Structures are given as structure tokens and as C-alpha cells.
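Next up: the structures, one after another.
What follows is subunit A paired twice: with subunit B in the first complex and subunit C in the second.
== the complex of A and B ==
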């Protein structure tokens, strides 16, 4: 029998609405966390997972209150304790690691001082012991040379290192329970994989229980022993990680897993319809009824309870779990493979494009020249054919968004040309671009909250390109708006809505509608799905693909998510530090042999499957500037040859079917090395 | 999917909604009542004042309040009640139009600077800073002594001096929205600067600027009364609170009524505008107690 660290009984947390009703955010949560266990809590935004994690620390957000239930830490109910008593538990017994370490570290205090502060508060060590402990902690989180690290300020560390420091601070009080709220969400793919590996090691070393809150099933799969799936404030599934991710017996989890694009299964995943209900809107029946593909009339009227199934060691809140149990395995589910009609004619040609962020000196400004020998983006040569989807992939700082901005005319290029339809050169200056070119290239942004004017109705938002490019007015304009909205599956009643009245997916649909209203030839998609929930992401990807098939639009798709890119693109260009590493049809880029950087990226992808572990090939060092000479990836390359990589720019080598790799290593050697690994 | 049909609110309904929210809190309600009372008084008072405001009667000098003269008479025997209810007219008109001018030039310059940025923004803002460092009352005295104390001089002069602060607020608010993707998106589509200001920026900074304008109004009222008090506002015998306080302040020890009545008029109006502006800000979702506009 394992010791239970924390036990939550029938916890209901809610708020009082303006009409005086009590509305629950968490409904009757009962679960427990054993010693040494890592529990993953998954759910989409608004499912109550963060509220639950905070309640585990005995904290209830302002405006919310505990309606019923208790949260027992050993024998104390945290929710009834006084602040003074909680201070002795928080940090010492229960520690939390926040989402954004960069923001949770004080910017003007040295790392060592901040850890020391945590030690002073949470332990009874004296000064000398504390100094030793700081080095020990920094060593534990695998930070190089702890002594110099302790003397640095937070801004001198990379995102991954900051997150490691946050872990070190949380470990300062040797807590029994560690709460992690989306600890890797803002990090790059390779960094994320490294941080997760660290967490796994710490869990093994210290025997600390961990609660890992995330929306990312891939990350959850790597760290958790047990998974709790939340939907609309309820636990819908609770059980061992393998059975939940491989054979989910709740339709929500089933749908969620189906809607995640996977590397092992190329093609567009099926999307889940609808969105999570607003708190308080479900009065009776199952909260997932509206979106469930297995539901019948019984589910509409009766709410299922959380039943424990002995054979699977799993609790599930569904009447139909037996039906799901007998369903075929997830791996065989259908994906829609994309087939784009790619025409032979070139639509966009980037030749030798370089972009520099360097500030001009006064004299250079007068002579209108940019003096930068080492620009942020350099030597980009890409041809894009009509009807194609080209993906630009890379970590943050790889210059992928910079290239998009240049194509859109928002950033001036330093050298090189961007040609539209073979012979029409796009001017560097937005103001001098022909309006027909501006119409032909439209942008869709990452975050629809930022890209839609909060003070405009949907009608006004979609009308802008129509009025600007086609001069439509009155009834004609309104009809056209309705037609465009209809194409993105939004009805006429959305016309008078403001963005704040829409869900994330609906907002992104409006942004897509606005881009398509201009009848563009090329659409630049800048991380369009990364701000969205998993189930919504698949729907937006499917929508983009359908629209493309209807209109023959060309997409340039920027993303850091290799699985998403795999699902939607025909061709992939891999960028590192503003230099192209590999470009070719996605089938071949994702297969070995590949550029060492592509290899590193592919190895770090997290699949929602606990049996596929990420391969960590290179260190997660962050380079601030591209190297002056030689290969851009020399600093991190696991297969570096020597001086040749440092001095000479590597040549392009063609592999097969148009897949090219820019590396000094011979293709044959690369193939042999990567396949034997 | 939720299929609720929501009616689009027109401008009048939105204004009604804002006023309703303002009146829902006691402080806002009191402010609104005081302000509306003053405005009605200023518009209609000439119709029912009991006496002529400039009628001098030496025999009635400094009569205490009575049923005949509710607030007594001043040192020239003029009825204080008549002069008090008429005394807000000039102040309200001058400061209202002054605030409008301040709002217009301050708002447009601020948005412009925020949008263009760079060198032009730097130069304009340093000039504004320089103006902010000049004590306004000295500058006003200079202008008034050069150009006279007519309303046509006072309104633009006050408007200019109180617009400087609005420039900063408008610029800060513009900076807030300028980096958002919807502006980038409008630029990439090729909209003109005018269209970006009008359609994308203005709806997002309008609230902040209007609240700032409302606050400036009460300060400007105080400023205008100070000018009158110093003898540089309206010219006698036009009734004005600042002037009345100035004239009667020496007699305060034995003819308190001649001072108290205009003081009450002035302070109640300032309090009224202040409370209204605060409630207005809260109704628009800008809480001045927790977040300063700049």
C-alpha cells in the first residue's frame, strides 16, 4: 500500500454569477496522489485544470470560492487553513513551478540570491550550508558550472535554463509534492524535451510526487505514471498513462487523441466538432453530450458518474465505455491524406534573400545602404509553385516569421529579390507595392485575439478587404460577407458579434475569412494553430485544406510543430539561425538521411505515446547570433566534422526527388550514421 | 453551437447603456445629478432670476440673507443669489469648449505621434515636455494681457494648455494598440494611414482620451476660476464665481454670505464633474483608482 500524499474529496469550486447563481468551475473532484507518483492533468483551456492545481496548494483564485469538499494534505485540509499555517506548507512541503519562468524570476536579482532566498525561507540551514546547497541544486538541474551560473541575472539565461532555475528553486525546500503548471509550454521543441527528461530524472532521484498540468498530451505521455483527463470542470477519465493514451475509454479522450497530428501517421487528423460548454450552461445530462459521437438519448438526460473499472485500474465518466473498449485501436484510425493540385507555374520566387535587423548608421542611412556582414536571415532561395503548401520550420529565432514579413512587405530585405508570378518583382517598400500584389498576398496571424480589432464586429472585420480591394458597398457588400463567412462555416448570426463573444476557434475562422475575402493567390500562415486548443487545431487545419482545394490558393505555412507541418505541407524548408538547412518534399524531409538539425528536431518531437521516447541528440544551447563563417549549425551539431564546418559554408547536396541538404557530410555517410543510431 | 441572435446596439443605445452604468453607483448618480443641475441652471437661469445682476443699490450694501435676498447682497448692493446662479454660465461655456479643443488637438497629435513614431515623435514630445515645464498660469497671464480677456481668447488658450496632457495619454494609448497584429494586418493589406487611424486605432483609444478629457474639464474649470480670481478672466460686471470670491473675500469676516455662495457653486460643479468623470471611466472599463492612464 502506497502512502497517499494528497487526497481531494468531493471538491467543488465556483463563483457567484451576477444573477446570484452559484456556478461551479470544478465539480465534485475526488482523487488522490500517491507518494512518488507523477500525475498528469490534461484538458483544454477552461477545463478547470489550473484551478485544480492551485487548490492543491490551498489557493483559490480571487472571485472563486470553495462550495464544498476538502483538499487533504496528509491530515490537514488545506482549504480551511489560515495563511500563516499555509506558509509553512507552501515551498516546504508543496512547491509550484510556474509556466513562464522568465516572468517568475525577479529580473534584478542574481540567480544564486534568489535560490538562497528560497532556502532561507524553507529550510533551517546556515549561510555556509546554504552556499553548498545552491551549487548542489544547480547541479541537480544539470546547469553547467553552478558557481558562475549563480552569479548571473535571469535575462542572461535562455528560456530552458530559466525553467531549470525555477525547478531548482522549487526543489530548495525538498517538497513532497511538486506542482507544475504547463512548465514547458513556452519553450522550443528541443528545450522542452530536455526539461522533461530532467523532470523524469528528478522524480526518480528524489521520489517526489509530481502533478503535471498541461494541454499537451505529448508532454504528459513522457512524464506521467497516471493521467487525469478533465472536461468542463469534471474528471472524465483517471487511470494509468498507457491504457489512457493507447486505448482511451472516454469519447472525449478518444476524440482528442484522434485530432492530434502525429509524425508516425501523416495526413490531416479528424477534428472534433463544437467547443467546451460555458460554465453553468449544462443543467442535466453528460457535459460532453453535444460533441459526443457515441451519445444516445440516455446521455442527454442522465449525468454519468465516475465509475471505477477494476480490470483497467481506471475511473471513467461515461455510460458507453464498454463500447469504446471494444473499438479498434487508435493507430488504425483514418487520416485524410492531402492531395494538392500543384501547377507547374511558379508563383513566388525568393532569390538570395537576406534580411538584417541591424540599425543603420547615420551615414549609411543617407546613402541608403545597410552595412551588416552577418544578417539575421541570409541566402534564402525558395521557389514556390501555384497550389503548393510550403512549410517553414525551425525553433524560435530561426527567422521563419521574418521571412514571412518580408514577403508581405512589412520588413525590408537587405539583398535579393522576391518575384511574384515569375517576372513581377515585389517592391521592398509596402507603400510602393501595386495594390493588386497586396491583395494577392494575405496574412493570417498566430493569435486571433491580437489580429482582430476588439472594437469591430465580425461584419466590419470581414468587410475591410472587400471594401478596400473591390469597393463593394451596401447590399452587395453584405451578401459577399455572408458568402465568405459561410465558407469558413460561420452562420449569418455571427455578423453582429464582437471578437470577445467568440471562442478561440471561431475567432481564427474569422481571421481566415478576412484573408480569403481578398481572393488571394498566396496566404502566409504564421503559427496559425499554436494558440488554439488541440481539438480546435485539427478543425482549423481541415478548414484551411478544404479552402485550398476549393480555391487553389498557395500557402506558406510557418510553424514550430513538426507534426502539424507533416500533416498539411507538400514541401518543407528547415531553417536554423536564418539559414536554410534542408528543403524538399515532406515525405523525404521526414525520412533519413536528413540534415543533422532536422534530425535533432525530429528526435525531440513528443508523441502522445509513452512508448515513443524523444531522442536527445544535441545540447539545448541557445545561440544568439548566427556564426560569421561556415555552417550555421556548427555550434550544436552532433555530427560536426571539424574545421571545414567552421570555415566553409556547406554545399547543397541533392538526396532524392528534390530533397536537398546543406551539409559537408556526404549523403551516404549521413545515411549510414543516422540509420545505425 | 450557441445560436442566439443578438441585436446590434446603435450609438444611442450604447450611450444610454453607459449612462445607466454610471448611475448605478451612488457616487456616479450624485455626480450626474449635480452636473445636470448645473447645466440646466446655466441654460435656463436668465429666465427666472429675481433681480438684474448689475443693478447697484448703495442703500442695500451687504444685507444679510433674508426672504427678500436669499443669499444677501454684496458690497455694491447687488443680489448674491442672482449673481451666483448666473455665475456658472461663462465658466461652463468657456471650459466646455476649451475641453473640446484640448481633446481635439491633444487627441489627434497624440495618435499621430504614436503612429509615426521615430524622430518626429521624439521632437514633438520634447516640445510638449518643454511646454509642460512652463507654469500654465504665468503663460495664461501673458496671453491674456497681450490679447485681452474675451471668450475668443480664453477658449483656445485654455484649450491649448490643457491639451498637452491629453497628447501624452493619447500617445500612450496608441502605443498600446499599435503593436497589435490587427494594425500590422491592416498595414499589410495596404490601408492608408488615415484609414488605419480612423478604423483601427480610434475605436481602441477613444475611451481613454474621452475620460482624460472629462478629467481635464474639472481642472480647467478650477484654472479658469483662478484666472477670474486674479482679475484676468471675465470682466466685471459679468457675474462669475472666481471674480465674486475675489471681490468679497476681504469682507469674509462680517459678510460671509457674499463669499460662501460662489464658493459653493464652484466647488459643487467641480465635484460633480469629477464624480461624473470617474463614473464615466469605470463605466467604460478604465479604473482610475487602480490604473493611471499614463
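== the complex of A and C ==
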């Protein structure tokens, strides 16, 4: 019998609505965490997973309160303890690693002080011993030169380093239970893979129990022994990681897994309709009823309970779980492969484009000159054919969004030019661009909350391009708006709604409608699905693909999510520090990544499958600026040749399948090295 | 860092130059001048000419401005037109009196404001917050001249505790001034304190809701330690600039309050010299008030820069 570290009984947490109703955010949660076990809690935004994690530390956010139930840590109910008593448990027995380490470290205190604070509170060590311990902890989380690191302020570290500091701080009190709230969200793929590896090591080393909260099934798959799936404040599935991710017996988990794009399965994933209900809106029946493809009338009236199924060692909240059990496993025919009609005529041509963010001296500003020997983006040469989807991928700082902004005219280029339809040069200055070019190139932004004017109705938002480019008025305008909204599957009743009345997916649809209303030739998509939940992301991707097939639009698709790019793109360009590394057809690049950076990047992608482990080839050091000379990837390259990489810019080489790479190493040698590893 | 200070000082000087130009132009475009005001109905013919001659008003405006500005750079504000006295002598004691009043209000107001702001934030939505917040919002909405009059009515006339009007010579010592400034100080600092307390409250509440404070709680940091190490340094930093603005804004309040209490400071002088078209005095006052304004903001900016590790390292990098 395993020792139980924490046991949660019938926990319900909620808030008082303005009408005085009690609305639950967590409903009747019961589960337990065993010693040495890593439990993944997975769910989309609003599922209550973070509230649950905080409750496990006896912390309930301002405005929320415990309606019923208890959180038992050994024999104490954390939710009834006084603050004084909790101070002795928090950080010492149970520690938290927060979602956004950058914002969770106090800005005015040095790293060393913040770790020291935890040590002073939770250990009996003296000053000298504590100093030694700080270095030891920073070493443990693999931060370089601990002594100087301790003297730094949080803002002087990179995102990955901040996250490591947070881990070190949590380990300071040698806790029995470690709660991790989305610890890798917002980190670059390679950094994320390294942090997860570190957490796995720590779990093995210290035998600490971990609760890992995340929306990312890929990360959950890598670290957890057991997975809890939450939906609308309830546990819907709870069982061993393999059975849950490989043979999910709850329709929500089933749909969720199908909607995640995977590297191993090219093509667009199936989408799940609808979105999670608002807290308090479900009065009776199963909370997943609206979106469930297996539901019948029984599900509408009766709420299923969480039943334990002996054979699978799994608890499930669904009447129909037997049906799902017999269903075919998650396989390839759930994926729709894309086929774009790519015409061989060039629609956009970037030649030798360089872009600089450097602040210009007064004289240069006057002369309208840009002086920068080492610009953020340099020597970009890309041709884009009509009807194609070209993806730009890379980690943060790779210049992918910068290039999009330049194409849209929002940012001036330093050198080079951008040509539209072969011979029409797009002016550097947005004001001098021909209005027809402005119409031809539309932009969809990452976050629809920020890109839609909150004071405009959907009708006003979509009418803007129609009035501006086509001069439509009155009934004609209204008919056109309805037609455009229909294309993105939004009914007429959305016309009078404001963005705040829409869900995340609906907002992004409105943004898509606004872009398509201009009848553009090219749409620039800047991380369009990053702010969306997985189930909604698949729907937006499918929508974009359908519209493209209807209108023959060309997409330039920027994303940090390599699996999403795999699903939607024909061709992919890999960027590092504003320089191109590799460009070629997605199929080949993903199957045979040739450039060392592409190899590193693809190796670090996490699949929602516990049996596929990421390959960590290079260190995840962050470089603030591209190197002055030589290859952009020299600082992290696992296959670096020597001085030639530091001094000479690598030449383009063509690989047999139509992709080209920029590397000094001969392509045959690269292939051999990859095989021997 | 050094260059930044120089840059800020230069910008401040440019501001002062523009202020002097605007006040000069402003007084210039008003109908009438010092001589017409002074001579009243006799303001015509030879008497007027003689007056112009005597006061130097027959010279073109830009020449007058240049010679005046040259004097100011050497620390000489010239002669007052109406009283024909050296402005430095007229202003000196009055500036001192007003500064006594303003600094007393600031020294009392700021600590009280900080204390009230922090208390209301930490006890947010509970009884101490509700009471203090109601009082502060109330006192924020009453203008100084009304609160000053009410104070005179209640404290001086009904209760007869303190003098209602200040009757001391302009060159009175600080010791003589002290009992007289209690009521004016209360009247001036009421709005300022209330204003600042609200700012501090919202700043502290914002920091209390931040991820790093939640983290500190979850790390097991005791409450008061968390407040002093994690909350206050971060919450009070942005408050510094607000405090500077409030102080500058207090100068206006001083002018009004001084008139109500008949206090021998700058306030009365401002109003008198404007109605007398006493251009050199108005200009001198404008320059002095603007210098204080610019100076306080400069000090606030530099303090923020010194205290905020983020800004400090940004500067060093540059």
C-alpha cells in the first residue's frame, strides 16, 4: 500500500455571482496523490485546473471561497488551517512552481535573496551553509556560474533561466509535494524539453510527489505517471498515463487527442465543435453534452458520476465509456490531408531582405538611412507561389513575426526589396503603397482580444475592409457582411455582438472574416492559433484550410508550434536569429531535417505519447543578438566544425528532395552524423 | 546615468524658457498695462508718456524681454512696476513663508497618505478600508477654499481654538508663524493626502494581486515580511512620480489657501501683481513656480531610476 500524500474529498470551490447565486468552479473533486507519484492534471482554460492546484496548498484566490469539501495533507485539512500554520507547510512540505516565472519572481529582489528567503524560512542552516546551499540548488537546476547568477535580478535572466530559478526556489525546502502550474507554457520548444527533462530527473532523484498542471498533453505525456482530465470544473477521467493517452474512454479526452496536430501524422486534425460552457450555465445533465458526439437524451438530463473501472484502473465520468472502449484506437484516418492547388507563378518575392530594430542616430533619421551592421533579420530570400502555404518557424527572437510585419508594410526594411506578382515592388513606406496592394495583403494577429476593437460590433469590424476597399454601402454592405460571416460559420445573429460576448474561437473567426472580406491574395497569419485552446485550434485550422481551397489564397503562416505547421503548410522555412537555416517542402523537411538547427528543433517537440521521448541535441542557451560573423547557429550547434563556422557565412546547399540548407557541413556528412547518433 | 541627468536638466531649462515666453506674451496681450492701471483716469497725454518713459515701457516688447531674461540669468528679477521696489527684496520673505507652509503640508501629508493608502489596501473591502476610503473620497471632492472657510468657521469662530486669520508681518520668524499655519496646513494637505492615499491604495492592491506576491505567500513567507519585502518596494516605486505631481499641484492650492487665510506668502502676491499688470513680478513668480515644478519632477524621476533595478540596469547597458 502506497502512502497517500494528499487526499482531496468532495471539494467544491466557487464564487458568488452578482445575482447572489453560488457558482461552482470546482465541482465535487475527489482524488489523492501518492508518494513519489507524478500526476498530470490536464484541461483547457477555464476547466478549474489551476484553482485545484492552488487549493492543494490551501490557497483560494481573492473572490473565491470553499463551498464544501476538504484538502487533506496527511491529517490536516489545508482549507481550514490558519495562515500561521500554513506558513509552515507552504514552501516546506508543499512547494509551487508557478506558470510564469518571469512574473512570479519579485522584481526588486535578487535571485540569491529569493532562494535564501525560502532556506531561512524552512531550514535551520546558518548563513555560510545557506550560501553553499544556494549554489548547490542553482547547480542542480543547471544554471551556469551560480555565484554570479545569485547576484542578478529576475529581469536579467532569460525565460528558461527564470523557470529554473523558480524550480530551485521550490526545491529549497525539500518539499514532499511539488505543484507545477503550467511550468513550461510560454517557453521555447527546446527550453521546454530541457526543463521537463530536469523535472523528471528531480522527481527520480528526490522521490518527491508532483502534480503537473498543464493544457499541453505533450508535456503531460512526458512527465506523468497518472493523468487527471478536467472539464468544466469536474474530473472526467483519472487513470494511468498510457491508457488515458492511448485509449481514452471519455469522449472529451478522445476528441481532444484527435484535435491535436502530431508530427508523426501529417494533415489537419479533426476538430471538436463548440466550446467549454461558462461556469454556472449547466443546470442538469452532463456538462459535455453539448459537444459530445456520443451523447443521447439520457446525457441531457442525468449527470454521470465518476465510476471506477477495475480492469483499466481508471475512473471515468461518462455513461458511454464502454462504447468508447470498443472504438478503434486513435489512428490515421482521423486526419485530413491537405492538397493545395499551387500555381507555378510567383506571387511574392523577398530578395535580400534585412530588417533592423536598432535605434537610429539623429543624422541618419534625417537622411532616412538605416545604419546597422548586424540587423535583426538579414539576407532573407524567399519566393512564394500562388496558392501555397509557406510556414516560417523558429523560436522566439528568430525574426519570423518581424518578416511578416515588413511584408505588411508595418516595419521598414533596411535592405532588399519585396516584390508582389513578379514586377510590382512593394514600397517600404506604408503610406506610399498602392491601396490595391494594401487590400491584397491582409494580416491576422495572434490574439483576437487585442486585434478586435472592443467598442465595435462584429458588423462594424467586418464592414471596415468592405467599405474601405470596395466602397460598399447600405443593404449591399450588410448582405456582403452576412455572406462573409457565413463563410466563417458565424450566423447572422452575431452581427450585433461585441468581441467580449464571443468565445476565443469565435473571436478568431471574426478576425479571419475581416481578413477575407478584403478578398486578399495573400494572408499573413501571425501565430493565429497560439492563444486558442487545442480543441478550438483544430477548428480554426480547418476553417483556414477550407477558405484557402475556396479562394485560392496564399498563406504565410508564422508559428512556434511545429506540429501545427506540419499540419497546414506546403513549404517551411526555418529561421534562427533572423537568418534562414533551411527551406523546403514540409514533407521532406519534417521527415529528413538536414540543418543542425532543424534537427534540434524537431527533436525537442513533445508528442502526446509517453513512448515518444524528445531528443535533446543542443543546449538551450539564449543568445540576445545574432553573431556578427559566420553562421547564425554557431553558438548552439552540436555539429560545429570550427573556425569556418565562426568566420564565414555558410553557403546554400541543395538537398536532393528540393530543400536547401545553409551550412558548412556537406550534406552527406550531416546525414552520416545523424545516423551515428 | 550621468548623461541622462544632464539631459533632464537641459530639458527642464528649455521648459523654463518656454514658460517665461508664454507668461510674457500672456501679460502683453492683455488689454491695458501697468501705466493705465496706475494712472487710472489720468492715463492719457503727457502723464501717460512720462509714466512709459519712467517704467521703460516705450521700448519694444522683445527688447524688454531680452534685457529681463539677461537679468534673471544673473539672479536679478529687476524692479516691480507698481511699487518700484527691487523684486528680489519683495519676493524673498514671501517665498520663505510659502515654502514653510508647503513643506509643513508635505511633511505631514505624505506619511499620513502612505499610511492610509497601505492600511486601506491591506484591509481591502473591510471596515478600516470602507471608513478611510469614504473619508478620503469626501475630502478629495471639497475644494480648498471651501474646506478652509469651514475650518475657520468651526475651529476659529465656534471653538475659538486657533486664530482664523494670519496677522503677522511678512518677515516674521518661523517660530512666530507656527501657531498660525496649523489651519492652512490642514486645509492644503487634506486634498493632497486624500489623493495620494488613493493612489497608494490602488498601487498596493495591484501589487498584492501580482503573481510574485502569490508566489511569496505560497513560499510560506510570513504576512508582514511579505508586505515589507515583496509588496511595498514595488508598490511605492510608481507612487513616487504621483507624489511629485501632487506636490507640484499643491502649489496651486497654496495660492488659494493663502488668500483665504490672509497669509503673507506668494499667493496674495500672485493675485495682486496680475491685477496690477506688474509684468516683472508675474514673470518672476511664474519662473519660480515653474522651477519648483520642474525640480520636483526631476528629483522624482531620478529617485525612481535609482531605486528600480530594472531601469538602472537598462541605463548601464546603454
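Basically, the second predicted complex is superposed on the first by the 673 of 677 C-alpha atoms of A that agree within 3 Å, B and C clash if a C-alpha of one lies under 4 Å from a C-alpha of the other, contacts with A are read in each partner's own complex, and residues count from 1 in each chain.
Following the convention adopted for this analysis, a contact is a pair of C-beta atoms (placed from the backbone, for glycine too) under 8 Å apart; a residue touches a chain by one contact, two chains touch by 3 or more.
What you see is a predicted model, and the numbers here were worked out from it, not measured in a lab.
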Which superposed partner A:88 touches (first subunit B, second subunit C, both, neither): second
Contacts of A:305 with subunit B and subunit C, given as first, second, both or neither: neither
Subunit B versus subunit C as contact partner of A:345, first or second or both or neither: neither
Partner chain(s) touched by A:438 [first = subunit B, second = subunit C, both, neither]: first
Touching partner for A:518 - first (subunit B), second (subunit C), both, neither: first
Where subunit A meets both subunit C and subunit B, residue numbers: none
Residue ranges of subunit A touching subunit B (in the complex, touch as defined): 274, 408-410, 430, 433, 435, 438-439, 441-443, 445-447, 450-457, 460, 464-465, 468, 491, 493, 496-497, 501, 514, 518
In the complex, subunit B residues that touch subunit A: 1, 3-8, 180-182, 184-191, 199-200, 203-204
Sites on subunit A touched by subunit C in the complex: 54, 57, 59, 62, 83, 86-92, 95-96, 98-100, 103-109, 117-118, 121-122, 153, 155-156, 166, 169, 173
Contact footprint of subunit A on subunit C as seen in their complex: 209-223, 229-230, 233-234, 237, 307-310, 313
